[in-house]
Every structure is written in C-alpha cells, then in structure tokens.
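In what follows, structures are represented as structure tokens.
What follows is chain A paired twice: with chain B in the first complex and chain C in the second.
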Partner chain A sequence: MTQPARTPSGAATGDGEGVWRRSWFQALVVLAVLVAGYWVSRTAGHPSWAGGFPTGIGDSFMAWLDGIYAWIVQNRNDSPLFLYFFNYVSVGLGSAVVLINQALDALTWVGVTALGVLSAWRAAGWRVALLVLATFGVFALTGLWNASMTTLALIITSVFIALLFGLPLGILAGRSERFHRRLRPALDFMQIMPAFAYLLPFVLLFGIGNPAAAVITAVYALPPVVRITALALREVDRGAIEATTSLGSTPWQVLTKVQLPLAKRTILLGINQTIMLAVSMVVIASVIGAGGLGDAIFQALSKVNVGQAFQAGLAIVMLAIAMDRVTGAVGNGAHTPRVPERLRLPVLGGGLLAVLATVVIGRSFDLGGWPRNWAVDIAAPVNAVNDAIESAVGGATSAMGTWTLEWVLAPLSQVLTGSPWWLVVLVAAALGWIFGGVRVAVLSAGSFVLVGLLGVWDNAMDTLSQVLVASLLTLALGVVLGVLMSRNDVFATILRPVLDAMQTLPPFVYLIPAVALFGIGRVPALAAAVIFALPPVIRLVNDGIRGVPAGAVEAADSQGSTKWQMLTKVQLPLARGSLLLAVNQGIILVLSMVVMGALVGAGSLGFDVVFGLAQNQLGLGLASGLAIVGLGLFLDRLTQGRRASHA
Partner chain B sequence: MPSSARKNGLLRLLAVGMTLLMVSSCAVRTDQMARDPGLVRIAVNGWVGYEASAEVLAYVLEEEMGYDTQLMRVDEQPSWQALDQGAIDVILENWGHEDLYELYGPEGNDTVVDGGSTGNEGVIGWYMPAYLAEENPELLDHEGLRENTDLFRTAETGDSGEFLAGAPGFVSQDQGMINAFDMDLEIVYAGTEAAQMTEVRSRYANEEPVLFYSNKPHWIHEQLDLVKVDFPDHYDGCDADLEYIDCDYPVYDLNKIFRSGFVEEDDHAYRFLDNWEWTNAQQNEVAGMIADEGMDPTEAAEVWVDENPDVWREWLPEGYEQRVR
Partner chain C sequence: MSTPIAESPNTPAEATDVTFSVRNLWKVFGKNADKVVGTDLEKADRETITAQTGATVAVRDVSFDVRPGEIFVVMGLSGSGKSTLIRCLTRLIEPTSGRILLDGEDVEQAGEQRLRELRRRKVAMVFQHFGLLPNRKIIDNVAYGLEIRGVGRAERYERAREMIEMVGLGGQENSRPGQLSGGMQQRVGLARALAVDPQVLLFDEPFSALDPLIRRDMQDEVLRLQKELDKTAVFITHDLQEALKLGDRIAIMRDGELVQVGTPEEVVGRPANAYVADFTSDVARTTVLTARWLMREAFPEEETDGPSVEPGTVLSQVLPLLASSVAPVRVEENGELLGFVGRDDVLRAIAEDQLEEEGAFEAIVEDNAEDLPDAAAEDGHGETAPTGNGG
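And now, the complex of A and B:
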C-alpha cells in the first residue's frame, strides 16, 4: 500500500499483481463512483430517491429520549430508582469531593506542598520531587491555588472510582477470554464516544456539578486501566502459573501471589494512563459546573483573555506532567531512593512528622490557600505575543483559511451530503471490503446506516468531510515531522517537550487564537484538531523509523541507496506497523475534536452535541453523539488494517 | 473573613461528615448532599454582567457577613437544573425562561421561587458596527437590511449573508426572525460566546461588515461602537411559533431565581440577596473593570464595594452582625 505504482494505469505488471488488485487503485475507483453518483443526483435535481437518509426514525428516537428526560426531571425525587440508587451515588460522590477539598484546605498550602514533595521523593526520587515542587509553585504563583486544589480533589475522587471498577474488571478480563471478548466493544464505545455527548445523560442521572463530573471523569478514564491490566495478566509467564498451580495453590493464591506481583509494573502503566485521561477530562467537566482549573480557563476565555487561559492551561500541563512522572517512576522503580529495610519506618514516621509540623505552622499562621496578591502575572505578556502573532500573520492565515474552505472543505462536504445516502453506504462498504475484508465491509455499512437511523445524516456527512480533511492534513504533517525527527537527534530533543505540552494543554486554550487567525467556522476547528492529533502521529512515525533494524539500513546503504530511496524503499515500508497505528490514532483523535471544533463554529454534529447540552435537549445531543461514534467505528475499523485478508 | 472561617475548618469537616452519616440511612433526595451551612452557592452564567453581580454579592457575603461563597459556572438551562437538584442556591440574573419556571416553579416541581427584579434591564438584538451603519444607514432598519444581506457574505456561508449567532445556551429566536422578515441570511453558530466575540473584534479591527447576536448589558459595547438593528417591537404571542417570529426580542426585566429550600431557611444570606437591587450603570461599572481593564473579578468587586458603601449597606438585612464571629 505504501509502494508507489510504477506501471501505467490499466496495464498489468509482470509479477501477476495487476494494478486492479492494488487496494489504493480500487479505493480510487470507488471514490470516482461516489463523485459520479453525486453528479447524477445533482443534474437530476436531487430527486427524493437520491437524497439524504429519511429522518423519520431518528426523529421519533430523539422524541423518545426527550420524553425520558422530562420524566426524570419530574420524578427525580419521587422514583425509588433515584431515591435509593442514583441519588445515593450522587450525594456520596458530591460529598466526597467536598470533603477531600476541605481536607486539602485544612492542610494549608505549606502542608499540601510538604506532603506532595515528600511523598514524591519517597516514591520517585528527588528529581521528580523537584518537579512536584515546581508544579505547586506554578499553582501558587499563577494565583490558581484554590482552583488547583478543587481540580485535585476531583481527580482523586474519580481516579479512585475508576480504579475501584477498572482493576477488578481488568483482572476478570485478564483471566477469562470470554469476558474479555464481551467487554471489548464496550471499552471501544467508551473511547470513541465524545465526552461532551455523555455529559448531559450523566448530569441527569447523577446531578449537576461534582457528582456527575466525578462519574464522567471516571468513565472516561476507565478503559486504559481495564485494557492494560488484562494485558498484563495475560503476559505473565505461563510457566510461573503452572508451577504454582502444580504446588496446589488455589486460583486466588495464583492471582495474588503470582499474577498480580509479576504484572505490577504493567498495571501501574495502566493506572498512569487512567490518571492522564482523568486530568484531561476534568477540564471538560467544568462545563457542568465542576469548577477548578477548567473553570478558570472558561472564565478567561469568556472574556477572550487568551493569556489568562494560558496561565490556567499551564497549571494543568504541570499537573499532568507531574502526575505522569510520579506514577511512571513508581511503575519502573528506577529512581526510587534505596532506603534500607530497617530505616523504612523511621523515614515514613519522620516524613509524617515533618508534614504534621508544617501543617501546624501553617494553621497557626492562619494560612489557607495561597494569598492572591502574591501571584505573578504572565497573562499580559502572553496576550501581547498572541496579538503580535495575530497582526503579523493574520492576513495570510485567513486567506489560507478561505482557500481551504472554498476548494477543499466545501466541495467535499457537498459531495458527501449531496450524494444519495444508499450510494454513500455502498461506498463505505466497498472501502471496508478493500481495506479490511468482509467483516469490516459489513461493519462499515452498518455504522453508516446507524448514523442515518439516528436522524442526523446531513450533519454527519458534513462532519465526516471535516474529519477526513483534518485527518489527511494531520497525517501528512505528522509523517513529514516524524521523519525529520527520526533523522535528527537535536530536532528530536527540541520537539519532545513541545509534544508533551501539546498533548496535555487543554484544547480550549488554543481554540480562541485559532479563531483570531482563521476566522470563525470550519477552518479554525480544522487547525485545532490538527494540533491536537499531531503529537501521537509524530511520535509513532519517529518510533517506527527508529525501530527499523540497523541491518536492513546498512544493507541498503552498502548498495548505494540515496537517502530518499532509503526512506521510501526501506524505512517506511519496514515501519508499516507503526505507520498504520499512527493513521488509526490520528483519525480517532481528530474525531474526538469534533465537539471542540463546534465551539468555534464548525457546526454539524458537534454543535448539536453542545446545543443539546446547553439547551437540555437530550435527544438531539445524544443522537448526534452516537452518530459520532458511528463515524468513529467506520474510520477505526477501516484503518486497523487487514486482519482477515480477502485476497 | 476567610481566616476566621478556616479556624473552624476541622469542626466543619466533622459537621459535614455527620450529615453524610445521617443521610446514608434512608431514601436520599439530591438536595441532601453534604453542604456547609455557612456556604452560599451562586450560579454564574457565562456573561460578564452576571459575573459582576455575582462577584460583588459574593464579596459582601464573605467580607461583611462572614459567609463562604461558591460560584458555580454553568449555562442557563443547566443552572435551573442545578437549582432543582439542590446543587446551588440562587440564579442572580435570569433572562425570561418562562417554560423553565413552569417546569420547576410552584406549578411544577416546586423547587424554585421567583425572587423578583434585580433592577437590571436586558436587551437582546441584532447588532452591527457603527462604521457600517454610517456608510449604509438603511441597514439599521429590517427592511433595508433585507435588501442588502449580500454585504454580509463570507466564505463560510457562500451566497447568503452571514449572521453570527451567540452561545448555544443563550435565548434565541434568530431563525424565526430570518424566516418572518424573509432575509437571505444563514446562521453561523459560533458555539461559544468567546469565539463569536473574537470574530466580531477581528472584523471590527479590519472594518469589515459583520451582523451578529448580542445583548446589553455586555462588555463588548464598552469596547466597540455597535448599533442595534430596528425590528417591530415585541408583542404578546409574536414568538409563539419558533419558525416564524415577526418581532424583535422582548425587553427583559431581569430577575432572581431562588431554590425553594434556600427561601424556607430564611437565612441572612437569603434576605441579603432578596434585598439586592442595582442599576445597569452600576453593573456596567464593575463589568467594565473586569472585561475592559482585565481586572481580576474579585478585585473589581472589592474596588466597587469600597467606593459604594452607601449602595450596598441598604441591602444588608437587620441583625446580620450577629452572624459575624
């Protein structure tokens, strides 16, 4: 697939693999059929048999959901389902967040800092402890101490819930293949469903503010810990298990004495991923009143104060990086200070005493949160930089934006929305068959029909056009930058922290500058999606090329290959696995930005999700969210490559 | 007074824990969530005028009356839901929403109470930059606008003119007006007020045409010279059919909405918020400091409170001093 064709089209090659059998050519033919179908439908004046998907079923589905919404609103405090279940969870979680927040407050800022730094040192060594100290420093100096503590309380609560359910599920899935197979689609679904789309149902069930925020964050952060725990248990050496079983151990003993200890490191990696997702979700959760750092970002953005939003974004980036390094270090255990066995208790006791002492000192000086007037303002310089960039390149970028809109986005959207719906379904099926075989073909057609049945066909096609363009752009840029990164170590060293920051910076922060540069509409959304999805693609391409065996490179080198030949004939083909994964990840991440894009005028499915949330229209919001999942299923399966080849 | 509040932190932790224990033994209503009795929870909807009111009131509640406050930032509709669920105590600035009052008010769930006017008057309408109206005065009237919608064409809307809508949570009847007045306009949904304002500001800087949804009081009117398009006045029932609305937005008498339980407790905090009433000019003064001068909202509130004791002292309920420790 990655090899360019050297034969003129139509002519068969000598090695028996005719151009007709190459998947890229087949895909082109299928797309040509789609465009032809669009022209026919257009010249015929869009007759009803060649229009969009009928919306009847979708409309009644939405009305049904709206009915559920109305029922819940009226019966929340009467129905036993709520009185004895949902409200318990709601009140319990809401109270837990409040209690943790108050506890952090009672420790005072010196106490929290001492506790954080000392435990980071004990778990991960002094380098990480310094990073934690710096993080608390950023919280304090940006004047966001209290907001940070609120966010921390929410993260602690939701990570706790995620682990409470995720670890047992992961263990079950790790021990039973059947359970794992049943669980997988649910996990896939959770990862593709845009977070915004399930805000409203959870608000409805668990109550606005902290309770719903905790549940949503937990749900969002759950999949990695389940998947990775299951994987870790599976990878435990069969020999070790058999040895213990033959010694007469019970399954419980095998689990606790052999499997879990041996899988510990990998499981910690899963926990690390879960915490990272929780950090990114608490920002979104502020839309439903969760408060904290996400709230600080929204508050700044509502006044179009990019600098202030950046400040809060920086606090989140620091929080994410610190949590990542701490849990990462616990996982590989490399930098943990070696404290001799007999000194462990004294060290622990000493640490606790030190924390206690700082808390007492803090409280006796009446310190609580960090005093507001000790803050350092970086908002003004950031705003100045932002304005300078805007006035320097604003004209060029907006012209570029207009061009993209007129020549790429708008025509593609027209073809997709203007073609007969059944033709689009057939094209999806054909593409699925070409790239993935019969099963993928059925799934592709199925997901398009599902999107149609939800009653949001036109919007979904428009969204699909935006996702496709953003994905292509991401992949093109990602491959170029990834290749450069793999060939130049200096560039790689510079790029790495930038990628770290890009991945953890909440997208809200760069949405508004994107509007300033590209004007409102689909183009700034496109830009934001590319920025968001780019880092993993670059990383995967880089890793893939660097992972190509040195022998292969040397062999090609000795035959006198040019650098270009080396890249296209040896490195890229051999890194095919990583490249395919990069394509898949890139597309899924672009898809997850559909709703974010709607915040700057991308419209379509994303806007309906946001609108549904803001105007309490459960039907519209949820149907649009599910349609995004439908598109995601199609794109994900299409790009996962050929598992069962049809050829 | 946050320091004195802190001394009682541990005591409060205990009190909250006790409520939690009591609650966990029977059927649970959402309003039984652990809550500090000295905490007033105020919804803050996403515009600066509202924020100005909330910050000033929160400042007086904290510094003068010894309460703690929590400002919860949510959209309009969800904040009604939050009142219903008992997650907040008050919405300070409500724009209409009769349908929600029917649902949650005395006729419905009976969880919210109309708290009367805030003294502020709210205007929603279609706005454009003043320079545009000077060049083309006919645009200021809906009939003149209809003839000239092509002025507002953009790449995003193609052959139709562009109308920039507000945030998705805002009250809106734009499509109905476009239908009724037969305008060749396409609504572009900015998705957030921030994005919409960014776009308006950058078009204003380049002196390009732009037509958009906005409201007053709003900080954008302090920064840019904007004028409102004239439509026939709002009359009763003209907005009954959302697809066809042949009138302007109504002028809103902004009001407060309280949680019923909060009113029943009849605390000093409730009486204070009930007494509160101020003018558009007063709100704009604070909102201007926040949005225009980029001042921290709490600082802006502090400045205003320091300068206007005679205004806010009127709002203090009798005997509130007993609360202050």
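And now, the complex of A and C:
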C-alpha cells in the first residue's frame, strides 16, 4: 500500500496522483477486503480460525472482576480505605443532597419559586425570569415538584464539587504550561468517554444511589470548567499582564487583579457548560439509582409509557433551558438589568426580604412541596395523541424501522461479527493508517484487540454497526442541512435557536420521541442518536462554510464559478477543518447515544452495562464499559486525522 | 562585531553618574540558550547559530550606559531585538548573561522581593499596546502601581488624579479604557507609569500604534514631562525621526547588536557603517546637524563679524543668517566664541545630503575630492566616527 496520501490542502489532492492515492479510495478497498473476508469465512462455514474473538481471556477477566466486586462488597465495611474514605465521602455527599433537598423543602414551593424568579431577574433580566417562572410552573403542574427538587439538589451538589476541583485545576493549568500539558490528555479522554462508561467504576466505590450519582455527575461535568478556565487565563491580554508585572505585581496580585477579573466572563461560560453537562448526567445517573426527574423518565420508558416520559422530559427540558439561560446570561451579561451601584445593596436586601416574606407566608399556611392533587395530568392526553399518531403513521415508521433493521443494521452487524476477528483488527489498523498515520493505526488495532480481550467482541461489533449507520445518517443529513443553512440566511435564522435549544437538552430526553415513533429496539436508539448528534454537525458545517474568507469566494465568483463549483471547489475544501471536526463530534456523540439506547432496547454494550449494574455483575458491566471506551478511542482518533499527530 | 561599543570619547565612564549600566548583555531564546554564550558559536551570525542549536539570539553582547536625566533611544527595525533588550533591563525577560547595574545595584542579583521593589518604585514602563486593564476605570488603572504596593485608597486616588490631570485627561477618571482613543489610552499608560514616581521610565515603542498627528503630540508630551519631572528614560522606537526628535543619545541596533551609540548629530553626521548610513540617508541633515557640528577655526583673512548663533542651532535656522551675510556666522556660547560656520560648510553638508539621496554621492566625492578635502572623511564609512572603535 502506498503512503497515506493526504496533502495539506485537500483540494489539491489528485491531479496526476491517480485515484488509488486518495484516502477515500484506499478506505473503500480496505472495506471491500473486509466484506470479501466475511464472504470467505461464511462459505467456509465460519471455521474457528476465522470466527469471532476467542472469549477465554475475556471470561476469566470478567470472573476476576466479579471476584474483586465480591471482595469489595464483603469488605466495604471493614477495609480502612472504605471505612475512612469512600464511605465518608458517600455519606457526606448523600447528606449534602438530602440537606439541600430539605432546605428547598423548607423554603416551600412558593419560597423556591420566589427565590428562583428573583435571582433569575437580577442575573438575566425579566424574560429569563418569566422562563424560570414557567419552569417552576411545569415542575408543579406535572406533579413532579418533589422529583424536580431532588434533581435540583443533585445538580447543586455535583456542580459544587465540580467547581471545587475544576476551578483550581483550571487556574493551575492556565498558569503553568507544563501542568496544562499533563492534564490535557486526561481531559480529552474524559470528554470522548460516553457518559454510560462512567457509571460502573463509581458504583464500585460509592455504591448505588445519590452519592455515586453526585460524584459521577461532578466528574463528568468537570472537563469544560477546567479547560475553559485554563483557556480564559491564557487568553488574557499578555500586554496587561506584562504591564502589571513591570509595575511590580506579585504572581498572586497578577492572578487576582488582572487574570481572574479579565477572564471572568469566559470562566462563567465554562461554568455554564459544566452545569449543562451536570444536568444531562444527573438524568442518566438515574440508571444507578439517583432519584429525581431522570428516574421518572427511566421508569416511564421501561413501561413504554410515552405520556409519563413526556411529562418528565418536559420538566427536564424546561430545567435545562432555564439553567442555560440564567447561567449564560451571567456569563455574557447582555440582559442583566442595570442597577446603579448605590442601589445594589438595597435591591439585594429587598429581594431577600421578599423571599423571606414569601417563605414565612408559605410556612404559615403549612405549605411544602407542591400538592400532588393540584397537578394537571397531561400523561393521558399525550398518550392519546401518541396513539393517534401511531395509528396514523405507525405503519410507515414501523415499516421504515424494519427495513432499516433488515437491510442495513443486520447485514452490517453480521459482516462485523461474522468476519474473522483478526481481519477486523487489520481493517481497523489499515483505516487508522490511511486516515491518521502509524500511531493511529497502532491505537486502532490496540483498541480492537482490547475489546476482544475484554470478552465482549460480538456485542461491541454490534454496537459499532449501529454507530456506523447512525453516523453516516447524521453526517449526510448534517452536511446537507449545514450547507443549506450557510446559503440561506432566513433558514439560518429559523434554525439557529432550534439548534441552540436542542444542544442544551440532556441526551436522555431524545429517547422519548424516538420511542414514541419507533417503539422499542435498535431503530429508536438509532433515531435518537441521529437527532442528538445532528445539531453540532449542522452548526459546524455552517460555521465552516460561512468562515471561508470572503476574498476567496469573491475571487472564485469573478472567474465565473457556478454555485455548485463554488461549493465543491472553494467552500467545502476551505472549510475542511470544520468538516473534519463535525465528523469527529458527530461520531462521538452518536456513540454515547447509541450506548444509552440500551434503555429502549438497543441491546449490545449499553445493555450489558445496565444489566451488569442491575444484576451486580461487575465483570460484565465493567468490561462493556471499557469496550465502549475502546470504541470511542478508535472512532475519535480515526476521525481526528492528522490533527492528533500534530498536537 | 562583538566587541562592546564604547561610549563617545568625550564622556568618561563615571561609575557613579550612570543610571543604567549594561555590560555584555546576551539574550538567547530556545532550548540550547546556554550553549551559545562563551562558546565558539558566540561570534557566528544568527542564522548559523539557529541552524546549529535551534536557539535564537535576540540580544547579542550589548553594552551601554544611560546617564541620569537623559532620554536614551534604542532604535532598530522589527526583529532587531530592541524590545527584548528593554525587557531585560527589569528582567521582564530574563537575560541569558551579562550585567545590568541600576544605580550601581546589580539587577541580576536581586531576589524576587527586591526585583519587585525595583519595579514598584524605581523603574516604570510604558508599552506599545498600552497594557491597560479594560475592566478598571481610568483612575484605578493609573492607581494600580500604588494599589499593589499597599497605598491607601484616598492617597492613591489623589496621586492618580494629579497624574491624570498632568497628562491632560482631567475629567476622564471614571471612564473605561475601551471608551478612549488610542492616544488617550497611551496617556493613561504614561500616567500609570508616572504615578509611582519612578526614577527611570522605559518606553517600548509607545507611539507606534498611534496616528502620525497624535504621535507628534505624544512626543511633545514626553519632552515636556521629561523637562518638568527630570526623569531618566530609555525609549525604544523603529522610527528614526522619533529617535532624532527625542533622543539625547541614540543607540542603533541591528540583529541584536548595537551598531552605533551617539548623539543624533553623530549618528547622522558620522554613521558608523553602511547600515547606519543607509538608515539615516533620508534624514534632512539641515534639521539635525547643528552649528557646533560644523564649526571650524576662522580661515586666515576671513571676515569674522557675522551674526552669532548658539552652538545648538540647527542648520536650517543658520541658513537665513548666512544668506543675509557674507561673513560666516559666529558660534557663541555665553558670549564665548567657539568657532565659525561659513556658507561653504553648510553647502557641503546639504550637498552630502542631496547627493547621498540620489545614490551618486561616492562618485561625486571622487570627482571633487580636491575641492572637498573633508568629504571623504565624512561619508558613510568614515574612520573618524566617534564610536565603534573598540574597548
């Protein structure tokens, strides 16, 4: 095979190099080899030398893990490590969640609402305050007030932990290049790891329930605040730092008087992202026994009660959007009402008094959480609507689902699981080499062998097939929509807020409409993954094309390019960086969602994680979790291309 | 080329009367920075050093003295190392080797604490891109230096207000930097530096980012403040006109080395080498050279009753006097006769200027060598240059 043939300017590839030097052609050849290998293996009746990965090592590995788990369960109350550390943390966090929950309860529902609305007004103006009011309204009227307060308490606890560790880490990384270099791979790794893969190790240490959920959520939500704080400090005008140093500032003075104040806005945006990640993880953590809204969805989905899931989903969507708007407004300060400096204290005091008065009134009427019998049940009507939709389009969607399953998913899955395992490993390595060079090739082969050694080869290949199909769909749709968005300003104006809202939603809620349309199985998981991963892809394609220098477009115009020529010869090649990033992001998001699809019957690795959790089979659960990480690593590095090797 | 460039012969090095004394200063960037100074590579050119070690020489074996009360200008093109040089003076960039004395105190030896003390009280800097804090009001920007050394709020605000008034920004105390124009922002930068009442001001291309008219205003402002406050200043610029206007003495820097150090007249009148000559060829000599520079003894039988001028008068102001008088002008300082400047002397100086500009100077000089006996000595490659003669 020839040297990987990707020249720095994608547009210049070809011309005298021949089609076989192009990476997409090489990739096609490699895939053809895989299919041929599958066919040979099948006609030979799947001999043992050409079958799936031998499971011996994996089985003993799982048994070993199960042994560890048994040991931990036995010694959880004896081992000093648990006795004096993990159990304390666990109890502490558990009581923190309970305490906050009780505090919210003590404020009564009127008090919480008054506090929330008033602080939203102060931070983000009256529009957001109305949004917050509506959110509390949804909490109350859906009868999910208490669940919402539990979720809120969990979010507060975990965000607090995340910031407690994240801000100092970010500051250190912002000030020390060496520290930043060491931290970065860890953060990268955390960000490509699908949320589901986080669950098990923490359950191992903290047991099932709110404490583990709080820790997992904190860890999951940590990367953005660290990254963005570091970035914000780095981006502070070097001139300002130099000038203040030249006046004799101590490093501490530079940090507190220059860097932090100037980086404040950006840091707040990082905190906003951390909060949003916390919101999505808190919902997922219901799988390991965290209470709250996530649990409500989880229960409803497992009963395929779309109406109930919709109610809880609505509450979460409102919560996510309100949280995003409030914290985002604190960050960019755009809509913060202007209060003159001398009035600030009186306004604060007045607000506090108002809240206090509401609480006193609330308590004197013996209010607590929102009374359940005041709730408006929308589950039944939603279910009715859902049934109506199903009877109207159900035939079409289920036919579509079946078709996808039979003609796309199943064959692909068969090729991957039915081919000799070593051929699949070789194909992965070859693809890695074509798209990323030697290091990526080694890493790709390594991840596949690891997946095999873990003993979950078949399930992993099945998951991979789902990911591949969903990714192709996502990218095809995303590029088309992104190009349209970049060419039509009206469409862009309409689409942008929709994408904004979609990106703030926790992935969990995407399962609800998917189930409503496609029922249970792999297809709804696939649909959810596509919808979930689509917004960032569309956005990156659009940004990339719009970011093409106007000069280049003008020059191409002046030479008489057609619109199509402009797109294919100028805009897309010049937007290559964004497109590659879109592919990368799309695939990683698809993976995390496909795995979560286990909750709606997508099976495979995700199911093993959930099953392992439910059945206390740590070996299976952890091996599946690690296999997810392996797949994630492979897909990420493969699509990062040369960027990784440059870094 | 690496020999330290001596001060002009007429300035004996009095150790006590020097604010900044810099000796054999090197700054090498890169991993192998320590493998250049003191090795054979020391004398190689920049490209060779970069090729062999990967290190970049920014400042090479630079020595000079800055005297109290003077404006010492370092001039060079971008990449000549001048900005690195000025940052080495207070170790904003750590020098690779060499010695820097500030009022006789070795800056290299100063501990962190002492270094901060020097920066807080003795040396303040003004930057090309201002380096203001956009989140602070003007008054808090100006008061920053006092704030960090623990001066109380009332006191530092009073001082800051004074400074803001002094640079002509009265009434802008509560604005933010973003609301001011570039020139006004640089006035804030100046006020901030002056607020700590430093002994030395360091200017790093402070006016390069400003429009020409505003630049001229700011240059006048610096000259005015310099006269009023009697500060010592080191001023970096890439603009020769600015250097000539502000500098008591000018150091010309190229590829990290000082090529020539001298008064504006010395630099223009006796460039140390072709590079400086080329650099100064666009300057109208009549606006730089003074009567002192051209004066000579009276020729025998020459009339000596011409009008008199101060020795510091530039030629362009001597011209009208000569035009109205046949006799050469008398150069007098406090009534004492120093010498004479005649029409021929001025014409020759102007001729050099014009001819050099056309690039035909060398040829003409050869043709007229007998008529202009001094010309050869005063062209761009003259041996009599007061600088660059080693040790």
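Operating definition for what follows: the second predicted complex is superposed on the first by the 550 of 647 C-alpha atoms of A that agree within 3 Å, B and C clash if a C-alpha of one lies under 4 Å from a C-alpha of the other, contacts with A are read in each partner's own complex, and residues count from 1 in each chain.
Everything that follows uses one rule, which is that contacts are C-beta pairs under 8 Å (C-beta built on N, C-alpha and C of every residue); 3 or more make two chains touch, one makes a residue touch a chain.
Keep in mind it's a predicted model, so treat the numbers as computed, not measured.
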Combined model on chain A where chain B meets chain C, clash or fit: fit
For chain A as apex, the angle formed with chain B and chain C - C-alpha centres, to the nearest 10 degrees: 150
Which of chain B and chain C A:Pro261 touches, first, second, both or neither: second
First (chain B), second (chain C), both or neither touched by A:Ser90: first
First (chain B), second (chain C), both or neither touched by A:Ala240: second
Partner chain(s) touched by A:Tyr510 [first = chain B, second = chain C, both, neither]: neither
Which partner, chain B or chain C, touches more chain A residues: B
Chain B versus chain C as contact partner of A:Gln253, first or second or both or neither: second
Partner chain(s) touched by A:Trp121 [first = chain B, second = chain C, both, neither]: neither
Nearest Cα pair across chain B and chain C, whole Å: 41
Common interface residues of chain A - those touching chain B in one complex and chain C in the other: none
Chain C-touching residues of chain A, taken from the complex the two chains share: 237, 239-250, 253, 257-258, 261-262, 264
Complex interface listing, chain C residues touching chain A: 87, 90, 92, 116-121, 123-125, 127-136, 144-145, 147-149, 189, 192-193, 196, 202
Chain A-facing residues of chain B, complex: 2-3, 6-7, 9-10, 12-13, 16-17, 20, 23-24, 27-36, 43, 46-48, 51, 70, 72-79, 81-82, 84-85, 87-88, 103, 108-109, 154-156, 158, 164, 167-169, 188-199, 201-202, 219, 290-291, 294, 296-298
Residues of chain A defined as touching chain B within the complex: 73-74, 76-77, 80, 82-84, 87-88, 90-92, 94-95, 98-99, 102-103, 105-106, 143, 203, 207-209, 211, 286-289, 291, 295, 298-299, 301-305, 363, 366, 368, 372, 379-380, 390, 394, 401-402, 405-406, 410, 511-512, 515-516, 519-522, 524, 598-603, 606-607, 610-611, 613-616
